[in-house]
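First the structure, which I've put down as structure tokens, then a few questions once you've had a look.
Each chain carries a letter (A, B, C and D) given by its place in the written order, and its residues are counted from 1.
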Amino acid sequence: MIVVTTPDITPAQLDAVREHVEALGLRTHVSRGDRRTIVGCIGDDAAVAESGIAALPGVESVTPVLKPYKLPAREFAAGPTRVRLGAAADPVLVGGDALAVIAGPCSVEGPGMLRATAHAVRASGAVALRGGAFKPRTSPYAFQGMGREALRLLAEARAETGLPVVTEVMDTRLVELVAEHADVLQVGARNMQNFALLSEVGRTGRPVLLKRGPSATVAELLMAAEYVMAQGNGDVILCERGIRGWDPATRNTFDLAAVPVLKMETHLPVLVDPSHAGGRADLVPALSFAAVAAGADGLIVEVHPAPAEARSDGPQSLDLPAFDALMARLRPFAEAAGRTLAAPAWAA
Amino acid sequence: MIVVTTPDITPAQLDAVREHVEALGLRTHVSRGDRRTIVGCIGDDAAVAESGIAALPGVESVTPVLKPYKLPAREFAAGPTRVRLGAAADPVLVGGDALAVIAGPCSVEGPGMLRATAHAVRASGAVALRGGAFKPRTSPYAFQGMGREALRLLAEARAETGLPVVTEVMDTRLVELVAEHADVLQVGARNMQNFALLSEVGRTGRPVLLKRGPSATVAELLMAAEYVMAQGNGDVILCERGIRGWDPATRNTFDLAAVPVLKMETHLPVLVDPSHAGGRADLVPALSFAAVAAGADGLIVEVHPAPAEARSDGPQSLDLPAFDALMARLRPFAEAAGRTLAAPAWAA
Amino acid sequence: MIVVTTPDITPAQLDAVREHVEALGLRTHVSRGDRRTIVGCIGDDAAVAESGIAALPGVESVTPVLKPYKLPAREFAAGPTRVRLGAAADPVLVGGDALAVIAGPCSVEGPGMLRATAHAVRASGAVALRGGAFKPRTSPYAFQGMGREALRLLAEARAETGLPVVTEVMDTRLVELVAEHADVLQVGARNMQNFALLSEVGRTGRPVLLKRGPSATVAELLMAAEYVMAQGNGDVILCERGIRGWDPATRNTFDLAAVPVLKMETHLPVLVDPSHAGGRADLVPALSFAAVAAGADGLIVEVHPAPAEARSDGPQSLDLPAFDALMARLRPFAEAAGRTLAAPAWAA
Amino acid sequence: MIVVTTPDITPAQLDAVREHVEALGLRTHVSRGDRRTIVGCIGDDAAVAESGIAALPGVESVTPVLKPYKLPAREFAAGPTRVRLGAAADPVLVGGDALAVIAGPCSVEGPGMLRATAHAVRASGAVALRGGAFKPRTSPYAFQGMGREALRLLAEARAETGLPVVTEVMDTRLVELVAEHADVLQVGARNMQNFALLSEVGRTGRPVLLKRGPSATVAELLMAAEYVMAQGNGDVILCERGIRGWDPATRNTFDLAAVPVLKMETHLPVLVDPSHAGGRADLVPALSFAAVAAGADGLIVEVHPAPAEARSDGPQSLDLPAFDALMARLRPFAEAAGRTLAAPAWAA
């Protein structure tokens, strides 16, 4: 159930509305927009409609939310959520007019390659740096990431370039450590329903980049976001990265339609990972253009200075010139979609 | 195996190349481009490389084609195939610089709705008219289409508007009849591996619009095209229309990545059907923009004057103003992709 | 809607019930069981319940059928359908207590291999012979079957062994020809929604073996059966043969649960094709045992005297001793399931 | 690479073989069978074949293992693994001749229902008790399990009935706690690639029941087992529980063929969870019979005294009489498969 308030509601009236709802044994969530404020009710809300709430001063309407997800539901918010990355005075926003392109290597493999990539992707217009410190690998004998050392290198790269850092966390015991170093905590596809992890990253207050699981429906992705948000952390960025499919032509099946479906269902920003979606560097441009055309709020792209030598995901990584070319070709699609693309650093 | 010839090969030399290959028990297929001519070899071609063909005058190189498909393979053609729709002096081309948008009702339901739709979609910039005469329906008790009467109405609509007509044929016994009335024979998703039908439409010489089956890989789609082309009919247009998926958010799973994969694998033009891909009218715009951004050569869109009253596919059909709006919004994406979009009729 | 009649209904009363329903513009279908007769109503049956039919003499109850399928629905029949194969005085029944195992080569490749296979599978306990005359092949250049000659060889094998013959038909124009030679017309997975073909085989009156399409739901399979039955042909045998899946460990994904679901939903017999379901000869025994344990009415198994030399489906074909061993090992599972297995011919 | 030793190898010779391999920078794993001992080599083993190892005394042969998984691979072990549940003098074995049926409620909901279920399933022949303490739920607002209190109740039920206890753990921080109370640690489908968790349960030395993820291939399941085994814990039980499918007739698609594929690929025992595989209580018997017929080593079944009132998974839970009937009907299938089924407690 959501309570939509009138434009002229006073703070005291708003408090009265919340207290009314909470007296019924429910939790409330307040979303303030430019023109209206919405009070969301979480819990067994059948009694709200009959409670006389519609007669309270400042209440415009009371509407049920029939979806299984509440906090991520579009109706629960007064407007689209813009997630702020990093602590800069002029921060990067995900979910606003400007497309957010996050780029970097699958894994941090050492200081040289990370610095080279960070400077290059910034020059091409990326607004944040991705890089894996702890890597989920199908085999226990494969390279598992540089761990803490990678976190340190990412922080250094941020200090040099100003780019906020996105990195994955896989273990509840490491959330605190990763949150100390990273600007955005990524929950990977394999952990989309690792509910203990979702709650733990929710508690940090750091923005969370939540990737869709390979067999998760859109509704299940939104329920996973609900786990993070239920801890009071509304800064969730969703990411479509391909689902399990049966055509060997691509590594995964890029579910493009999930982008507009998500934009209708939720107020949270939606990114696309064209690298994992197709699993082939040669498909990254077409998938990126399509994502932006379909309404995505940005991309997260794997870039490596020498993909052939990458310790993971080489076949789907762009090299530095290819990423630069991608950004240049992306611009007219961004404009066709009514979005802007950050100017490359060299153009400043 | 393909034989690439030199730019200055003479007709007599080309004949000699073909005879050389055919003497080995193979069939040949000649594709003439602006700058080079390619002789494709079909059959058990292991012997070609060892046959001394590379020494013939006019032969530049001999290259194996490792794909299971031959005639649709990109290497088999000297350049992209442009399929001509209709018999007009200035025909519509599918596969050229201009995007081809085909629109019309799922089923022809009567003369009034068809004429209204045909005029409207032409005015909005569609270059051909779709309309079902014989409908594949899951239930034998559902409306099966108006049959021959619908073919007559389609021909009338063509006469009035000049739009070439695309309609589905499902039965080998009706191919001749449908080919008399239609400009393009559509083979539907359920019949993608109806090999008797593929061969029969191949024999007509009419352009064929071949839709991908819901569980067909890209390679299987190309093998189905091979059946049509093996009858000497090279005018095949491929169409991605969504594959079987497990997320109830959409009717099918739109496999966007199939578009760039197909553009790399084949010289045939590739359309997208955003109506079936998502199964929801509200998704058609986003899916259309994405298709064009990813490199599709056009769209085939379901349009109905009153979708709520449609006898089939109402929930995924656009009404006339929505189609007009779609075409207007499509233009900047077409331009971003380096394509043109036919000017609407009223702009002429 | 179904009308259940009382045990003592007279023929005249039954006629009156049918006339009452037909006067409402509906078609009727009468199913006679040992203890009761059921009159199924086909068409827009909303008016039946209000029509006063419950007061007619001999009517016990009137019940709506909420499923999209009617004639195949369990409620539409007074008991399980037993399909009779062949014209023998003591015919093979599919759907009765005895399991029906149909076996033979993927393709008829010549007289010798067919006769050898037919005699061997009969000796091992098979009750019918399968063999492809017209083969659906992904490539137009692959072996397409021996066609009419194969039909003649199958008829010869039947004359020698007494085994009824099952063979596939893919083209409406060939239905009459195939029906002249075969005892059972198989509609293959790729043609499960070739509605023209379904209607045409329905018109022959021959039993039809209908294979599930690789992306068809159980409900869609039953709707396909409805197409055959709507032509007055109730002798439909359903067959689960694996659906499109994404694990390369098997060619298809064997949907074992479809067997009990079908047995609950329909009165038609249900076979399993363990050869296509797994695509591997080494999996055929386990899949066969599981099928029988889950309630299947029989199996259709690919058997070849020399699988390594088979012109199609070699990797999933059993050789003759392997089939004999399968039958021996199958017997205790049949008994555990409360079924019998035909004694091998040599035991007679 | 595996080194197969001769039957008469001495302990000193075996040590020499291991030292030889380890000197090449590899780890070794020794599996002792009745007739032979196998030394598995883990790591970059290309050098082993060329190292002269074949000439060492006691070495019979050296064979490469081409699969991506090593420790779970059939070739790595001298025979099938039998996992011992609980600390009893006469312990339950999973993977031996006797089928192991594990049963109990989805969630522990209180002492009464748990005791009633434990006594009843033991009486019907179950050899271990399942029960969820920490539940993975799609919604954060759904019942999350009774947690520590449930662990205590499970331990009480074990004390009363003698049944070893299987329960799920989802958070690395809780592994130690759960391992104190449970005999078997279950890793659920959603966590199959939660690699931190896999390693942590591997370190406990407790048997691990590893469920297949809904979009995991068989090979990925075996790689997940490798994570557990790489910690020195060889007591892994695999479990097929249905994969993501697109037919709404069942909750998941039961991949029956995975059972025989796994039995060929690995020496680890394989269970089936017929409750989740179909998601319907009415399908549990058929799926159970099929699983046993296909070679499964046992079942894990959801049983609840009052399924209609269950706080989770009610629609797929059997009530106590239905479970008892299942066990009775299972016996002939077990025997047909050459297995035994524990006698029910009342028969003792």
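As a working rule, a residue touches a chain if its C-beta (ideal position, glycine included) is under 8 Å from a C-beta of that chain, and two chains touch if they have at least 3 such contacts.
Values in this document were obtained by computation on a predicted structure and should not be read as measured data.
Here the chain-to-chain distance from subunit B to subunit D, counted in touching steps, is 1. A centroid comparison over C-alpha atoms places C as the chain most distant from subunit A.
Subunit B and subunit C have Cα centroids separated by 36 Å. In subunit C, the residues that reach two or more other chains under the touch definition are 215, 243-246.
Put simply, subunit B touches subunit A in their complex at residues 215, 217-219, 243, 245-250, 253-261, 264, 277-278, 282-283, 286-287, 289-295, 332-333, 335-337. The part of subunit C that touches subunit A in the complex is made up of residues 244-246. Touching subunit B in their complex are the following residues of subunit C: 42-43, 68, 136-141, 170-174, 190-191, 193-196, 199, 213-215, 220, 223, 226-227, 230, 243-244.
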